[in-house]
Amino acid sequence: MRLTRRYHFAASHRLHSQKLSEETNREVYGKCNNPFGHGHDYVLEVSVRGPVDEQTGLVVNLINLDGLVRREVLEDFDHKNINTQIPTFADSVPTTENVALEIRSRLARKWEGTFQDGLPRLERIRLFETRKNIIQVEEHHGR
Amino acid sequence: MRLTRRYHFAASHRLHSQKLSEETNREVYGKCNNPFGHGHDYVLEVSVRGPVDEQTGLVVNLINLDGLVRREVLEDFDHKNINTQIPTFADSVPTTENVALEIRSRLARKWEGTFQDGLPRLERIRLFETRKNIIQVEEHHGR
Amino acid sequence: MRLTRRYHFAASHRLHSQKLSEETNREVYGKCNNPFGHGHDYVLEVSVRGPVDEQTGLVVNLINLDGLVRREVLEDFDHKNINTQIPTFADSVPTTENVALEIRSRLARKWEGTFQDGLPRLERIRLFETRKNIIQVEEHHGR
Amino acid sequence: MRLTRRYHFAASHRLHSQKLSEETNREVYGKCNNPFGHGHDYVLEVSVRGPVDEQTGLVVNLINLDGLVRREVLEDFDHKNINTQIPTFADSVPTTENVALEIRSRLARKWEGTFQDGLPRLERIRLFETRKNIIQVEEHHGR
Amino acid sequence: MRLTRRYHFAASHRLHSQKLSEETNREVYGKCNNPFGHGHDYVLEVSVRGPVDEQTGLVVNLINLDGLVRREVLEDFDHKNINTQIPTFADSVPTTENVALEIRSRLARKWEGTFQDGLPRLERIRLFETRKNIIQVEEHHGR
Amino acid sequence: MRLTRRYHFAASHRLHSQKLSEETNREVYGKCNNPFGHGHDYVLEVSVRGPVDEQTGLVVNLINLDGLVRREVLEDFDHKNINTQIPTFADSVPTTENVALEIRSRLARKWEGTFQDGLPRLERIRLFETRKNIIQVEEHHGR
C-alpha cells in the first residue's frame, strides 16, 4: 500500500548553466534565465510504501514523516532563494529535475535513521514547479 | 488502457485503537483521536484496466461501474459515521489505509458478477482523505 | 483595500432541529440528518478592509489576524464534533449558515481588543461547507 | 526520471457508434449521444522519461516538446468539433479512450524526428475529459 | 446572509453574429468562430440572499433551489449544443454574457412561484466559461 | 454586467521596509524578510463592468483587454524579481497590497486610451499571492 503526503514551499531561482554560453542559456531557459531570478509555489509529494501496521492501521507514523520532510527539506527551501541558499546549487542549475533529485537524496540519507524498522520505504518523489510542470523520481529497491 | 473515475463522499470518523493505551492513542493520532469525532470530504478514485471495446470505444460501461460504486461504497459511506455505521470498523481503526482496504474488498467481491466477461479488471483504488493525504491500493492479478 | 485570508478546518456535524418533527427533519436535511453525523473539510475566508500602512505596506498584521482566527475559531472547531463540542450548538442547528454566524460573532467580539487602532475592520466571512455550498456574512458598519 | 507537462484544449463531440442501433446508442452513451453534440475543456498530460542532461539539468527541451504537442495535437483539436474536424473520427467514436489513442499515435509518429538523440522517450498520455473521467495510455518499449 | 450554490454543465457553442461580416466575426471571436463549434465545462453559481430561518437554520431550502436550477437550466443546457438547442440563441450569439443573461431570466421568471414567501431573493448569477473567463450578473431589487 | 479575466505570473520578491529596523522587519515579515528573496505564482483577476454590446454579445473585446494586461503588467512582472526590476519598488515594499496598487495604476493610466468609447470601465483588481492570501482593490467612479 502506498501513502502519499503533499507539502508546499515557496522559493525563487534562476536557471543559468555555467557550462553554456550566454546565448545558449537564453535559448534553453527562456524567461527563466532572467538574471534577477523569479519564483514559484512548489508542491512536493512524498510517497511511501509499506504494509499497514496492525495496531495503528497506518502505513507510516505521520509525525515522523512530517518531521523528516520539515527538517531536511522545508526548513531549507521554504521562502528561500535556491541558487544562493542551497549549497548544492552553487554549481548546479536549479531546474525542477535537479531540485527533485536534491530533495530525494536529502530524504534518502536520513530515511533509515528515521524509520528504524526498515518500514516503510521511500518510493517516489513528485515535484510540481507549477501545475503544468511536474517531475517524478522513483526509488529503485533491491528487487 | 486505464480508465480512472472519481467519486466523492462526506463522512465522519474517530481514530482510536483498542490495542493501544489512551496515551499512545493520543500520541499516534493527535487531533484525530478526539472522542467526539470529526469529518472529511473524501475523494475516491477507482481505476480500471482493459482493452477498448471495438463497438463502443469504451474500456468499461460507466453505468455499470458507477452503479457498483454507488451500491457497494457510496450508499454506505456518504454522510455517515464510519466508526459506528460501517460494521468492519467496530473493531478496526478507520484510518485512510483501512477505509481504502475496505472499499477495495467491497468492490472486488462484486466485480466478477458485475463485469461478467472478465473485462475490465479493477487495477487501483486511491482514497484522498484530504488533498494532503492520499492512500493507494493496487490489485495484483495472476499474470 | 480588502485582504482575504483563507483557513481550513475539518469537523463533523448532524443537522437536526428540535423545533421540527422527525419526519420534517428528514425532509429538510435529507442525508445530513443521519443520527450518527458526518463530516466536512470546511474552508473559511476572513476578509478585512482598511488602508495600507505606509511603513509596512500591509493592510493588517497577519500574525495578529492568524492568531485571532486560530484562538477563537480553529482551536475550537478543527477536528471536532460541532454539535457536541461547541456550546452554541447545544440548542441550535449547525447548518453552514449558523456556523458562519457563530464564527463571525467570535471574531467580532475580540476584534477591537486585537486591532486597537480601529484599523482594519472585519468586512466579510465566507464559509465553504463543500466547494458547492458557500455562505457569506457581511459586517455592516456605522459609516 | 519522468517529466509530465500539462496542456489544455476545448472541443465538442458526440458519442454515437455506427455499429450500434439507435436505442443501444442511447443506452450506452446516455446524454453524450445528443445528436447536436456538447463539449468539454480537456486536460492533456504528456509524460516523458529520460536521464537528466548534465549541461542543462533538463530531461527534455520544453521548447521542442511544447512545439510538438502544439503542432500535432492542440492546433487540430483546440476549439474544434472532434467528430467533423478530425478525420480519424469520421468512422470512429470520439470517446475519451479513442481520443487518447489518437493523440498518442500523433505524438509517437513524430517523436523520433523531434528528439533525434533517442532521448527522452514518450512514456504516458493522460487525458482528462472532465475532472471525474481520466484515461491513461502507456507506451511499451522494447526493454 | 448570502448562500451560493455551484452547479456544472457541459455544452458546445459557436460564436458567430449575423450582424457582423465573416471577416469581423473571425476578428472578434477568433478560434471561437470555428463553424463546427467547440465546447466547455461551464460552472454556474447561483447566489441567494435572505434571513436565516429560525426553525431550520437555513437561508433557503436546497431541495427547492436545486430543483428550480435543474428544471430551468441544467436539463436544457447540459450536454447540449447551445446554438441549435436553446431557442433564444437562434438569433443571439451564445457568448458567456448572453448565456448568463438567459440563465438569469429563466430563474427570475419562476422565482416567485418557487419561493412563495418572497424569501429568499435571487442576488447574483456567475458563469465560468472556463476558469479564466467569468461573467457576473447581479439582480437589482426595489430598494 | 461584470466580466472577470484571470491571468498568471511568476515572480520573486523580498519584504523589507527601509523605514523599519532590522528587528522590526523580521518581526513584521517573518520568513518573507529572507534577504535573498523567495517567489510565488501570482494569480491576477481583472474585473470590468459595462453593458453587453448588442452586435457582439460581449462586455469587452478580450483581444484589447488581454493586450493591455500583457503590455502593462505581465511583460514587466512575469519571471521577474519585483524588488529590483520594477522601478516603483526601489523604495516601496512589494507586499501583495502594494503590488496590487501598482498593477491597478498601470491599467488605469492606459485604460481610456485602450477603450476609447468609455466602456467598459475597470472595476476591480484581485491579486492572489497564494491561494491563502488575496488582495482586492476596487475602482471608485464618479457616481
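Per-chain numbering from 1; labels A, B, C, D, E and F assigned in written order.
FYI, a contact is a pair of C-beta atoms (placed from the backbone, for glycine too) under 8 Å apart; a residue touches a chain by one contact, two chains touch by 3 or more.
As the structure is a prediction and not an experimental result, all values here were calculated from the model.
Looking at the partners of chain C and chain F together, the chains they share are E.
With B-D and A-F as the two chain pairs, more C-beta contacts join A-F. Sharing over half of its contact pairs with E-F by residue number, the repeated interface among B-C, A-F or C-E is C-E.
The distance from the centre of chain A to the centre of chain E, with each centre set as the mean of the Cα atoms, comes to 43 Å. In whole angstrom, the spacing between the mean C-alpha positions of chain A and chain D is 29.
For the pair chain D and chain E, the distance between mean C-alpha positions equals 30 Å.
Centroids built from CA atoms put chain F at 35 Å from chain D. Not a single residue position of chain E touches two or more of the other chains. Per the contact rule defined earlier, chains pair up in contact as A-B, A-D, A-F, B-C, B-D, C-E, C-F, D-E, E-F. Contacts from chain B toward chain C in the complex involve residues 10-13, 31-32, 34, 36-41, 78-81, 84-85, 130.
If you check the complex, the residues on chain D that touch chain A are 1-7, 52, 54-59, 61-63. By the touch criterion given at the top, residues 15, 17, 19-20, 28, 30, 92-98, 100-101, 131-138 of chain E touch chain F in their complex.
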